[in-house]
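Next up: the structures, one after another.
Next come two complexes built around subunit A: one with subunit B, the other with subunit C.
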Partner chain A sequence: MSAASRSDLGVKLAGRAEYGVDAELPGMLWAALVPSPVAHGRLRRVDLGPARALPGVVAVGADDLATLLPRGAGDAERPIFPAGEVAYRHQPLAAVAAPTLAEARRAAAVVRVEVEPGPALIDLETAFPDWPGPDGARSPHVIAHVHARHGDVEGAFRTAEHVVEETYRTSSVHQVALEPHACVATVRGDRWTVRTTTQSPFGVREDLSLLLGVPESSVVVEGTWVGGGFGGKGASLLEPYALLLARAAGRPVRLALDYREEFELGRTTLPAVIRVATAVRDRRIVGRRVRLLLDVGASLPGRDFATGYSIGFLLGPYVTPTFEVEGYGIRTNKPPFGPHRAPFAPQCAFVAESHIEEVARVVGVDPVRFRAEHLWREGATTPLGQPVGPFGLAAALERADALARRWRSEAPAGHGVGVGLGFWSTSTGAGGEARLVLSATELRVEQGERGIGSGSVLRGLVAVAERALGLPADRIRIEYLSTAEAPFDSGVYGSRTVGALGRAIVEASDAVRADLAGRMAVAVADVSLAVEGEEIVVHAPGVRRTVRSLLRPDEASRGIVATGRHFAKPNAIDERRVVTGSFYPYTDFTGAAHVAEVSVDRETGAVRVERYAAFQDVGVAVDPATARAQVEGGIAMGLGIALTEEALWSADGRLLNPHLLDYRIPTLGEVPVPEVTFVEGFLGAGPFGAKGLGEPPIIPVPAAVAAAVRDASGAHVTELPLSAERVARTLKLL
Partner chain B sequence: MEGPHAPRAVPGFELVAPASVEEAIAALRAADDGGATAIAGGTDLLLDLDDGRLAPRRVVSLRRLPWRTLDWLDGALTVGATLPLRSLEDDREVRRRLPGLWQAVHAVGSVALRHRATLGGNLGRSAPASDLIPMLLALDAEVDLVGPRGERRVPVDDFVRASRRTALLPGELIRSVRVPEPRPSAYLWQRVRPANDISQIAVAVAFSPGRRHWSIAVAGMPPRPALLPDVARDLGDGAPSDAALTAAAARASRAVPITGDQRASEEYRRRLVGTLLTRAVRAVPFEGGRPL
Partner chain C sequence: MTETVAHLTVDGAPADLAGMPDDERLLDTLRWRLGRKGTKEGCRTGDCGACTVLVDGRSTLACLTLTREVDGSDVTTIDGAARDAELSRVTRAFAEAGALQCGYCTPGFVVALAGLLKERGRAAPLEELLDGLQGNLCRCTGYAAIVRGVALAREEAP
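Moving on to the complex of A and B:
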């Protein structure tokens, strides 16, 4: 990929790109939040008087919602400010704005908050010192309960030759986007406008409509450049507070988190405890059991997505004739659980893969062979009864195994090589629409969301349009519009940008072609586009017309407009297998086999990743350089989950390491340049058969590293991250 | 009930950059108690400002003082307080004659940080997990101070007291650090992440060829990095036997006043002390009982 082919590089390198943290408006005020001082308690009083007594300060709290919002309280289930229970430390109890940031922060500090502290549930295991019994789902701590089963699982376990039972624990990890959450809000009349750093302008619009109790048509979201999202910027976070303050002040209000607040308030992956059991007969898996306790933080009942969704990833991409799975979403006094690049799936794959490796060793079969013998292939059925579509994981595993064998033969003493698998499905979200505008000299893609740094918009979507219309990248421009003007799309998340919005672009491109063919009275299949000098020219047998000459007078200033839509309905799961709760249906099947070579210090337990390779099922790599970058980034991020990243909480709900010194993401020195191989030809639901690639590369990483650590040292570590101390304990050095 | 982290904004301050030592001392003195603070590379001061631990009215920059120096004289090394660590690291003689010091400097933060950070600043911060202080202890280094009442020389062991606490008097500045002689030496550490992290445990060892004795220092526990003279004696007057080394490592592991925290448990830290000490002593090259 040449530098010129990414249209954002110019403004970004020149420092002119406006990120959310850069956004300012004339006459705006600066805002600060008033955080809860306790993790759990009953709110007695929030006295904004001392703040309001300061010059130029505007303050809003729960009591002001009735006057500021057209329908009073907004969303009764999700009040913007709590009026009764305080559910987590740093939960915003009020917000203030002032002419400068320093004044706003001083004003926030003088707000008098009275909370009667109550017992906080922080460590999810204390909710159920023993595993939940038959009445577990009725516990007040449980806000989500999912349960599914199929076949005679009791019989399978009773008659098994081997039963392997294990318990795993995983930790809380943070997205660590370089740019914290930030926005600037303006309210004029009944128009609530917010300029914000977001992965999903339309998602934020919907959220704000519900939270503020105003129609979506009254809310306008303008997306800024996004300094990394990784799932953390998919929903609204600061926008409601900024809008309320802007309404109260009658001026624009800017609200941004500093990095410490970003750690304390951000919604992300929280800890889990997982029990897995596998029954084997004649070297075949005959039954599986999975039980999950997932910390969902202060999530509200009915708003948990993670518990049911996680179960499939805990079972892994393996055929099992019988199974029983049960998951509990445990409400704790932490910020609500939120998405982090392939939410919780890397942790699930770590469990699934480490466990299947253990099972293979107990049974006495080569772990890779054991996996290959049980792996889903096209035509197989998932445990929840979905038919498996084109799936490159078996091909990826075969190649990964060959490389792992070679690396193992070359590895010096103290090194080990491991293979880990992960699977995923391209999310369709709520669907989306693409709008193309073909002018005399360029093709514009009009949309609401900007790239979030990955290149999926600025290279991925451009490459789709290039391929669909045969125009060069330098004639394709993405124009960012607010939600008032852009076509609806669900947003840049769920690995869906190329996979879902790309499909809409292909459909819109087909519409452009059809339109041109109609104007030229030729067959659609005969139409091709080219650039000649400044002009875009349409060719058909015996005809050559410039686009300029085809434009109607009313189109001269804009161009030919065409739209395309996309919504892929997932295959239904077999509801007969569901006892209760909702599970996650897959739209397509993608994944990867990764190979890690590590060295393990046998005296300290320290792990170093020496070499890394990925065999990634991509369907079709629409833009290979960007696809490679996605894989490299996923691996780097996955190595953090595997080895060093872990948010730590005190017993009273304080985040102990809300800063980048003690919350450790990998640096370049810890990330070897990976070998990346695309496994192509197993086509997905995206354009030209592409599959989503934003999330899949992170999923197998902790599993591959854990397998390599075990190969190198014998340490079968059942807890993430694989810190040196954990490895040392597993090796019985302590 | 401890309140949440208060929302912050760094308050303003006056920045001065005196051209002479006298002016610098005067500038520090002129702002009364705690009102002024010195800045060299700023890598610690910026964190203190951001976290609200310090809110000085005046910051006295030392950048114009002629202290970015590195001199060898009669075998002794003198490092000016404001010399960036990266310059110390790039000096071939340091690497050859004081390998442990080079390793300790190389262990600090990251390359970018070492271009800013200084030896004087590191001593002034006096962090329990400092990479440089344990090595300076093992090298019997001394600190040259200059202040309103003149100059004085203090052993590092007397200068460092606890985190952010040193023997510096009001208005006094660290001018340079003196390492008396080249010593075969080694510095080893263990961290969660190799770069941009601080050590769970670090061990500095040095052998004085003239006095034929070992010095051992450990960092990573409160209140400060410490010398372990009993452990050093266990190692004898040359290359230790395996038995002597094992005994020394066991004693060190037992005797060091370590606690556990979120970076490592006490148990793990004790294990690291023994392991790193053994490896560090073995890393010091000897041949026929004499250091190479």
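Moving on to the complex of A and C:
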């Protein structure tokens, strides 16, 4: 199947795809946000008077919520505008709208804001200069505390032949979807409608219902094309402000971020410090300890997902007879932590892999062999007691190792080759529903999400329906509907579209077949579909009927409707191993082994990636061209995390590099065209045994690059990114 | 704010602009004054290439260009792809190669590559063309499919 079969390519190549930034409604106003001038403080006053005095300007702030919201207030925990504490710089304190963007910006600039500045916590390490002690969890800075253990860890460390202990630091990275957040809102009566660029129309609807204090049935979210999501467009961000302004103005309001604001307000991965220790006896790992300090920004208690979920990735896909892990989510004065393609997992894999490599070297075993000997295989148990299902990582590692050896034998002086592993699990999200409509001539998939470009909706779901019903792709059409009409689904994130929603498509396809079999009075298993001329025809032994002839009169205009569902999987964690906090249960196990060849400049420390290869456990590649594209894209994004991407803050919470010039993502000349190999046959939870693939390819990249840098130069860099400066410092060139 | 006028030809159609702020950028003129939104706004600081258009055949970042500076020029954007031979060629090649995912960087890449092909000719070495696209960022594809698309645009029969 060629990539050209994606039905969105034509409209996008012609420049006719309407993204969030393109949405426009007659009579709409343009909006701007009024940002907090400090990272932390107490809000004294927001005086909208000077803005309201300007012609055509509408302004809303905390004081207006009582009149604008039907219940007088929204979510008490998450007020749209803060009334007391200001938690991060650029936090919106008010919003204004005007006939032009320039006027809106001028109006925002004249709003008088008084904040009494307070001490800001920016660098998470200052919260615990000596690491959290026994009552670390009681610190006001800690909003999440997770702790798990299993077996006699103390004994394992006491009797070990080798103990390797290290500290790692990882950086803050931004999604950098090229399209900034943007939406247009309209309020008519009690109907709050927003056209927006989102990965999750239903997630945004739920958020808005809570934030605005209106029922979900009053909120309508229309998803536009999305100019890249990568996790950054999963929850609501601008929609509440735009809706409030639209309500106040009685006209549609457009609110979009410029790229600087995109950086400053982005909810994304924040820095972390990790301590890992491994105890080895007879060349076997006998104990592990991990402690994590994770900057979760201005997240609210109970809303942090990352601290508990990260811990498993820090231990790596390795058999660990005894362990103790403890993680602290530290609240700092930055925007709240948010998802970024496999949130924080590439950083965790960098730590897990760099550390295991170090352990192997100390023990004196070949690092790849040491890994292979400890790797989970099907039937093994994860540290938190979950049984490991079909898992292709060992097979991937074997092939990656063979390639790495070849590349190493060919590599010129100054080059190095490294292998990095990563694992992931397809998320199911909150579940969802698929709706298929079979007409006389086509199959429609009615859908609220447009997908985010990965092709998971347009190619992935279509490929699943193709396979499930035996219809060609050109007779399957995705029809995008607003949340008022589309079946519920939790969104395009967590590598779940094909894996989870795809199962609902299979179920709905089975329902279509059963329905047709019933109408024709034949056995379901005997039914097959085919296209003959214009018509879709149903065959069974001795019978041939057009779909048209099977439609009831009331179905003639639409078709046969069938639905399928999927649900979140039950939590399979062994709770006896959990001391406190919530951890992340796996639905299936996806692995990848990547190989990087790099050169390191011995004077500057600059790293260049010369060659790259991925061996990716995919279960079944439902659509190989689309799957390959996911891997290629994930690798490039991972190279950014590995080498250049790092958001930097000043001590008073100012983002120092909110531009693509100083926050550098990989460019065309910096990413080699990778070799991509699918490892198939280790079946996952998705349709036909597919595993989610949106996130897994990014995970092993920093690990593979770090191993290659170490191989090339001897530099064991324990911080991300591996910038020229860090490599040079590690090599004592600076 | 002083106001200004400009007369452009955009994708073959005359655009006579009046009452326009002096500092209006070509990107905003195209997108909001003329409603030609195929050209995308990314960074607005010249760092992403999403806003690339051709001004008298030359690749130009519309976010860094004042409309009044290009008064009298012929502007070609992705919206005019069908009427320009190089743009059509690149569009076909990108479709064949699947050189896009979200598509947000795509108008910029297509127009920039078409500009390079016009300037250097279809026989220009692949490396030279790829070099000329260094200013265009793509976050989705990892560039691999774009590299395949560029190769096709060179080789594909006219």
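Some notes on this structure:
We adopt the following convention: the second predicted complex is superposed on the first by the 727 of 734 C-alpha atoms of A that agree within 3 Å, B and C clash if a C-alpha of one lies under 4 Å from a C-alpha of the other, contacts with A are read in each partner's own complex, and residues count from 1 in each chain.
Just so we're on the same page, a contact is a pair of C-beta atoms (placed from the backbone, for glycine too) under 8 Å apart; a residue touches a chain by one contact, two chains touch by 3 or more.
In this text the structure is predicted, and so the values were computed from the model without any measurement.
Using the contact criterion defined above for the overlaid structures, shared-chain residue A:661 touches subunit B and also reaches subunit C.
Of the two partner chains placed by superposition, only subunit B is touched by A:36; subunit C is not. In the superposition on chain A, A:669 makes contact with both subunit B and subunit C. In the superposed model, A:225 lies in contact with subunit C only, and not with subunit B. In the overlay built on the shared chain, the residue A:102 is in contact with subunit B and with subunit C. Legend: residue contacts after superposition of the two complexes on their common chain; A:258 is shown touching both subunit B and subunit C.
By the document's definition of touching, of the two partners only subunit C reaches A:452; subunit B does not.
Set against each other, subunit B and subunit C differ in how many residues of subunit A they touch, and the higher count belongs to C. Once the two complexes are laid over each other on the shared chain, residue contacts for A:723 go to subunit B alone; subunit C is not touched. In the superposition on chain A, A:14 contacts subunit C only, with no contact to subunit B. In the superposition on the C-alpha atoms of chain A, the part of subunit A touched by subunit B in one complex and by subunit C in the other spans residues 102, 258, 661, 666-667, 669. By the touch rule above, subunit A contacts subunit B in their complex via residues 32-33, 35-38, 89-90, 100-102, 104-106, 108-109, 117, 258, 260-261, 264, 603-604, 606, 644, 648, 654, 656-658, 661-662, 664, 666-667, 669-670, 723-725, 728, 733-734.
Every residue of subunit C that touches subunit A in the complex is listed here, in rising order: 21, 31, 37-45, 47-48, 50, 77-79, 81-82, 91, 94-98, 100-107, 110, 130-131, 133-134, 136-147. Subunit A makes touch with subunit C in their complex at residues 2-4, 6, 8-10, 12-19, 21-22, 102, 175-180, 225-230, 258-259, 452-455, 625, 629, 632-637, 659-661, 665-669, 671, 673-674. Note for the complex: subunit B touches subunit A at residues 1-9, 11, 110, 190, 192-198, 262-265, 267-268, 271-272, 275.
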